[in-house]
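Would you mind keeping the following structure in view while I ask a few things?
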């Protein structure tokens, strides 16, 4: 099995500009290492976060780009997430003064910024929970916070979720599920990273249980099939992730694209709209990133009735 | 058991201004009839919706106000939802030209309004599903779309979800769950209506499976306890519903108030913020009403660790 | 000239429910007294704002409802603003901890609320400027922060701008201009108050130079003409005020309704859309109230070319 | 005078990745040619916009990057706009089906998309107005729709306004004014393009009077001064442009940064907040791009009182 470790420096934008770090065949199983959101530099509750910021290039270092042999612009990349393993025995989360769902931030500016920084280190306990103390301990439910293909011309910050995926912080990007991404450039230029040991919906304070991980993946190419936003398939459900601001625009994208998916099964557009009204699910993946991400779902049984 | 039917006309605002239609003791079980969102006037797929609009006073007729004996401004009203029964053998949903999550509407104005109206009538089938045709059929999962106490001075449209509840269209307002509402005026002035036989998250097209129903409830008063937004308790979870625009503000309210609730259990505020980051849930109840509603949840086991 | 002073208590909602305080004939000039946003209770920089809050019923006390003889639901009320005079020799503004464009507030919730309260008292100086100190002094540019007719059924908080006007905080509601409001109930039930000696666009901190005032007005009725949002006419311009959240929805309403107004002059809808693209103006009246208000303008010369 | 014409292809992202097309000394006057938003391909009202889209790489072709000698990351670039001349005798605007302030679009998705496309060609008339017909004619008020320096790592779509400028569509980026931009990379990597002969506030339908132009500029470097969002200075006013979604976040950025600018003059932060409340201006530059742009202004006389 090909094992991919980032040689030299990690990527901090999703783009076609860097040289691929590896080439992968469709159908081949690979294992890749991912660094945590703080580049492994925030290791203790006493570490000075400003010092950490000075040392790191940016948040969410990416492993990639990975060149998928045979992928061509206009195809869809099917990513099977086989497994995620922790690469270290700890996870870190931090409440920031100026980042998060309930703090002023770069876009939602306030006249004064309240001080509320705090770092939490978690370690595996006997029951395989990640434990900070008796109250803050959470089960191992790992997923990849970022997963993307490169856009045609842009180089998109690894803080940003967008049409080709990116920093969606969506807990359904997890082992057992399949992620579908648009292929915008030949070779797809795949990236992933920012693994989370566990995360609630919304990633409220802005940082989940951030970990370094070993991720096992397999790719397929759907030739000539064009999608415009990321899709996810679980054993029971079809999902679309919309990312935008304000949050209602993310919701509109997610449901509008899920309607398109249902139309591929033969549904009439208005009937699919009606069906999702009565049986769709809609949760928030992140309410903290440069775009908010909403996930619309429908159970396969309903979608496949047509 | 006291049975409450609206004498004369239904209410189309949540307010203290009308005379109560009934008085109820805390602890007493009551049954009340609710009319559907269209006042029972939209009964066939051939009915002209403009004619229906001319005949009805407004959307979401309410049963109430119900005077809760002993409730005083500053208390909290605890509403046990015991049961919901269908009062007719059909349900109706309609896709409107100028209302809904994916159509232009009163606030999200567009230069042209595309025509896309369509009415769907559903009837119970042998398997107790509500069936429109082979594809559009959904299980019986009833809940009350509106539930509210009166505000101090305002008369709030029954299309609006707000601090005292209202048109939240939240599927967790269902049998087996408890809803907590602020009491703003003596007697609480309780309203409910707009029952749905089934609804997805977001109520995408703007109308669920709209039904007339018989609702069984019981009230309790929590003396001197002041809450500021509606709370819900299920057997396993605590929830807060935030309603605002844009949708991220609804999400902020829901999570900020859930943190307050956790603080009542003894949590430190920042630690509660951290806990919900890793284990909170956040779904959209409605993306169509005059405010959007988001529901933040935490499992009781975690909240009660303190 | 009829002089209207509020007998008894002021109104804190826009509604048809209270008895009119006066009846006015179309064409008759009237003078009415308005109280300031703090009910005249915040008079010194040392006053404790919490004490003030305990004493007042709410923000923005209204003079009204005023019954306009002959006005019928479905008409338009034309309000000529003739003059505004200060009723006292001072004005007050306050930066609040939990209200304003750059502070956390009831809807845009934050985990911590920074302390930043400060009260400013202004007095007229020799140059007829309102002066707090050498730096904070502003010219007399008075206008009415609130102006409304009653809605059909709702009682709307006097903090809220909406379809029938309300707390728009729009500096163009000033002497020399005409405000057009929808008439939703017979007699119109007119309200005004919350005068400002001066205010920038957006009313950034949430309170302008708040004054008590004497307002001279004259009403006309446009029989059978139905408008859906407030319009303003200055000597040179036509304007529409849209109020909603998020702010882009307020902008959409304002421009969409201004297009409708241009169509009344004979413009084709797409051509009006094109014309406003090249020559419309769009400013923010308030970014602090329960809805945001945006004002779209077109110069009369252009609108009247058709 | 150095004349800069784009050799080879135009840029469609703002980034440091392409080779500079020219090097310019601070203080040197230059003239540069800019192509119009449609790459000069939409020339007749009968041109098929889909054919045009197939031929062009993207919207808003940029002239640049221009390397400013001596500019270093952390400096501020001062851009004097000396003059804008039309390079052709016509301008074009188009109402698109799926782009614009009052149409469904990529982010504000709708179930159906109404057809409303229309192309308008304008030509200079005797009175130096740009004329489409007797009704649609507008004065020559040229400005640059896009102006930017390169970000550190990202390559940002030329449809996007952001911290380093970009597609702000701000009519104050005009001859006689000075634009201040953050320098994020050595040499600044300056871009401009997308000139408009005239545009209203908001750029309502999404395309102004789009022209090819000759732009005369001069640069200065402010060594070691770091700003975080674009600033503009006119003879009488200081302005900041904030770009974000929802629109209220753009407004918050603009005013918060204008407060920072006033603090540079010696203002206390809360007093500056108070001053802008009473005397700030706040208009919408664009309500159509991937971020909305709001412009906050203060007159120099007030800002310089300190």
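Should a chain be cited, it is by its letter among A, B, C and D, assigned in written order, with residues numbered from 1 in that chain.
Basically, a residue touches a chain if its C-beta (ideal position, glycine included) is under 8 Å from a C-beta of that chain, and two chains touch if they have at least 3 such contacts.
All values derive from a computational prediction rather than experimental measurement.
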Set of chains whose contacts include both chain D and chain A: B, C
A-B against B-D, pair bridged by the larger set of C-beta contacts: A-B
Most remote chain, CA-based centroid, reference being chain D: B
Chain centre separation in whole Å, for chain D relative to chain B (CA means): 46
Cα-centroid distance, chain A relative to chain B, in whole angstrom: 33
Where chain B touches two or more other chains, by residue: 102, 108-111, 116, 245-246, 252, 256, 259, 270, 273
Chain D partner contacts - residues on chain A that touch it in the complex: 12-13, 15, 17, 58, 107-111, 153-157, 244-246, 249, 252-253, 256, 259, 269-270, 273
Residues on chain D engaged by chain B in the complex (per definition of touch): 100, 102-104, 108-116, 246
Chain D-touching residues of chain C, taken from the complex the two chains share: 93, 95, 101-102, 116, 118, 120, 134-136, 138, 198-209, 245-248, 251-252, 255-256, 259, 267, 270-271, 273-284, 287, 292, 294, 296, 305-306
